[in-house]
Amino acid sequence: MEAVAEKPLTIPGFPRPLKNHEMIVNMGPQHPSTHGVLRLELIVDGEVIVDMIPHIGYLHRCFEKHAEYMSNYQQVIPYCDRMDYIAAMSNDLGYAIACETMLGIKVPERVEYIRVIMAELQRIASHLLAIGTFGMDIGAFTPFLYCFRDRERILDLFEQTCGARLLYNYIWIGGLSHDVPPDFAGKVADFCTSFKPTIKELNSLLTHNKIFVERTAHVGVLQADVAVNYGASGPVLRGSGVEWDLRRNDPYSIYDRFEFDIPVGRGEVGTVGDCWDRYIVRVREMEQSLRILEQAIGQIPEGNVQSAIPKRIRPDSADLYVRTETPKGELGYYIVADGTTSPSRVKVRPPTFVNLSILPAMSRGAMIADVIAILGSIDIVLGEVDR
Amino acid sequence: MGRYFKNIFDAVRTILIGMRITARHLFTPSVTIQYPDVKLKLPARARNRLYVNMDDCIGCDQCSMACPVNCITIETIKSTSDVDLGVTSVGSKKRLYVPVFDIDIAKCCYCGLCVYPCPTECIKMTEVFEFSEYERENLIYNFATMTPAEVDDAKRKLAASESTAATKPAPASRGTNS
Amino acid sequence: MKELLVDLLGNELLVYVLMAFVPLLWILPFALFAVWWERKIAAHMQDRLGPMRTGGWHGWAQTIADILKLIQKEDIIPTAADRLLFSLAPFVVFIGAYTAFAAIPFSAAYVGTEINIGLFYIIAVSSFVVIGLLMAGWSSNNKWSLFGAMRSAAQVVSYEIPIALTLLAVVMIVGSFDLQEINRAQSGSILNWFIFQKFPLLFAAALIYFVASLAEVNRTPFDIPEAESELVAGYHTEYGGMKFALFFLAEYANMFAVSIIAATVFLGGWNSPFGEALSGPLWGVFWVLSKSMGFVFVQMWLRWTLPRLRVDQLMYVGWKVLIPFSFVIILGVGFWVLLEG
Amino acid sequence: MIPQEILDTLIKQFPGVTFELKKAGSGDPSILVPPDRILDVSRFLRDDDRMAFDSLMCLSGVDYTGGRMGVVYHLDSMTKRHKVTLKVEVSDDQPECQSVESVWKTANWHEREAFDLFGIRFAGHPDLRRILLPDDWVGHPLRKDYELPEYYRGMKVPY
């Protein structure tokens, strides 16, 4: 206690020396609500956040270095799975599309439809987890388990298709690893019908709960222009009222064939761009994903699930950036090929890495409990932030 | 002032709605199962522990090369022309002894990439998922069936045939290991 | 009851000591049961099963196994902690929760100390808890603990006001702080229970008392002192083993204490809901315990339904909602009593 | 607007600066910008009404080997719906480039990452620290000439 520093304390990343009444609180790397090993150095005045310095990299697994050292392009996919392990399908999809664009491959129609179905199921699964953990951050434990219950049903579908529940390695360059099981479409349809009442229940239990609204409305407001300047994407950007979804605005795969709306935050219970808006965007996106699923399952054509590609992919030296809309936002792969069988550089633009960089700007002036809410509303996955 | 009372009213109303939902769930059957006593049947495609049928392995090293985490170690010894190692169940002729076929299942990432390139379909992922061990060494699975004596024997034979081959200009014999 | 025992044993001091242990005989099994019960309720509300293995039938022995484990654990005191305060704090908290039981009437025949300011005494000693929480938070020398302690101090002190005010409304009607007196005033019929009298004033008072008592015992939605998603575990972050168990015990003892007060003051205490039928000293124990268990159940039910409030919203609810309403109730009840003569 | 038009506008706007349009194979076409003008160019691209590149999708460091390293900027205009790729080439031994953090805040963490993994110094960056690796890590691992250290704080690095 007597070791109060005589000279003012300076912190890397914080522009000025600490004032006397300010205190540093380390939130993380081991903390129940940092969704992994994220460390937030909070500079607080009582319970009010003066500034925050995020420290990431605790889960850095050298994805980009690994990708360069793989002996072929295909081997990168299991590593892509492990970036955003909550939405591994979407990660694989982005990488596969990037490689296919580079090789100029057109995948069969059946593959495109199955990919869209998988990506949308994955979006629902990921949003369920995001919503559930967000509720738990606010203190509601029960919705979390209801969300997990339904997420398990999606994972069951995935397991029946590709044998894995979390890290699928299902979407391959030029196709898929397996065809879907025979009764897949029926099961997805069953899921769609039975999932709708659950969303309603979730809405009455959590979304419109007064305490939940009080905790999230007007908290962590992110203005649209700030969001764009910070490069926010996904529900974080749409929560700020920007109608921007790559599935619509920069269509990839066959998303231009489906009808769906882009839900945006409208500030129904608070300010546009607050935590509740980001949350409700996710809930409504699940409904839209169900719409896409219902359209897609009826149209799956027959056909092959692997296009004829060489065993060893060897693209010409080129570089390109391909982006897809994962549940968390814009996932970009910048791939530099040098004419060999392995990529020379794979840079990933993880959506949550960028979204997380807005956290200090959103949290200044908020309270400690709000930081938890804001962090939960961004929906980070540290596997992807740190790669 | 109206807002004040509306807030209180909303709070009470939404809390009661929430309580109704949780109370209803109190009497719905639970979705969890008692795991070690009750087990779900895994789908046929479940990707879990790797298994290698050594009778069919031709030592081609394809699985090892496909592995993104290098968890498969294969060593081969060329057989001499006088030995017949038999054929695999799909009919390809075995030309290599496989004295070492180790899978470090602790490193394995269960991606299944090793299964597809195998020409004889001898490596596959099984449904076994309960195989935790107390010692890390126990997770290195040795699939090779050759005894040390057999390995030595094969090596000696190969060395002998190579030394004879070196004396006369024989056509370079290439293994399937490409 | 006391006189009876004094006659039986012939030693007044021995009787006092014995009677001091009687609530413990109830609190310990209750805590063990309530923890298991809460886990079961939580599980079934969440479509799970909860503990199922220990002890056979629905894991009934789970909490006994837990407490045995906690007893065996090493007693760790962080080097940077203030050793004396750190070790003392759980006891202070538990004493605060336990002493309240001295004045709680379990039956028409049994009350630990029949003092004529029983209710006043309970309100006074239950604020003892906050000292323990502050001690725990401060002595842990952990910023999260300190946050938890500061929050709980602010919370408990604020919410004692609506608690005291709503209880005061009943006291005004009965004209006594004596809990047995309050019980007797509600006897006869279910309609004599205070929750149904002077409708809706005392009904609202009961509601306010219940909400405020949730905050008093740090239950959701007012569990911010130990909000596990924010403050890790609040003031007991650094505690383990038996010391942690004591905090836990105190929490459940407190839960039960506020519930039994609610049952006594508003729901007729040991009075049977069927008038004179099924009443008597033992039936009294049954009625008061089941009423308070009902309150405990609602506390658990709320916990697994609701999110938690933020610290400033908690203060808002306390000072701007509950306290003004309690004043209105006091005023209304006062006039009502005055007009009735 | 296609990259060629953007290039023409840039040449008109910045006389005396050499820009170069490149396209390799199936890749994206890109405009090569000198490292000391990238800030001006970025600001122009963001603020000019015809361009309106309001968002920086991605900023990546690349080691091209042979003494050349690069920074690649993928810009996107959400209002005009067009994209462009800017490239900056720097030398291997003294990689230094202007920071565009003041133009797009996204660049803050991306530039820290490029500094961390490639050692490219971004002049004018407010807080250029390592981001993914530990603060005391030696070297910049994504460079092609990077050699894995034997030990890090007494721990053996290759397991």
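Think of it as A, B, C and D in the order they're written, each chain with its own count starting at 1.
Everything below uses one rule, namely that a contact is a pair of C-beta atoms (placed from the backbone, for glycine too) under 8 Å apart; a residue touches a chain by one contact, two chains touch by 3 or more.
Since we're looking at a predicted model, the values are computed, not measured.
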Original post:
Which chains contact both chain A and chain C?
Top reply: B
**OP:** Could you tell me which chain lies farthest from chain B when each chain's centre is the average position of its Cα atoms?
**Re:** C
**OP:** By the contact definition above, name the pair with the higher C-beta contact count: A-B or A-D.
**Re:** A-D
**OP:** Could you grab the centroid distance between chain C and chain D? Build each centroid from C-alpha atoms only and quote it in angstrom.
**Re:** 62
**OP:** Could you grab the centroid distance between chain A and chain B? Build each centroid from C-alpha atoms only and quote it in angstrom.
**Re:** 29
Subject >> Whole-Å gap separating chain A and chain D, where each centre is the average of the chain's CA atoms >> reply: 24
Original post:
Taking each chain's centre as the mean position of its Cα atoms, how many Å separate chain B from chain C?
Top reply: 56
**OP:** Identify all positions of chain B at which a residue touches two or more other chains, and write them in rising order.
**Re:** 15, 18, 21-22, 25, 31
Subject >> Sequence positions of chain A contacting 2 or more other chains >> reply: 142, 149, 205-206, 209, 211
Original post:
According to the definition of touch, which chains form touching pairs?
Top reply: A-B, A-C, A-D, B-C
Subject >> Contact footprint of chain A on chain B as seen in their complex >> reply: 7, 10-11, 13-15, 17-18, 21-22, 25, 31, 42-43, 45-47, 65-69, 109-113, 116, 125
Original post:
What does chain B use to touch chain C in their complex?
Top reply: 8, 15, 18-19, 21-23, 25-32, 34
Subject >> Partner chain A, residues of chain D touching it in the complex >> reply: 24-28, 30, 54-58, 60-63, 72, 74, 78, 81, 85, 104-106, 108-110, 117, 127, 129-134, 141-142
Subject >> List of chain A residues in touch with chain B within their complex >> reply: 70-71, 74-79, 81-82, 142, 149, 152, 159-164, 167, 169, 177-178, 181, 201, 204-206, 208-211
**OP:** Write out the stretch or stretches of chain C touching chain B in their complex.
**Re:** 41, 43-49, 52, 301-302, 304-306, 321
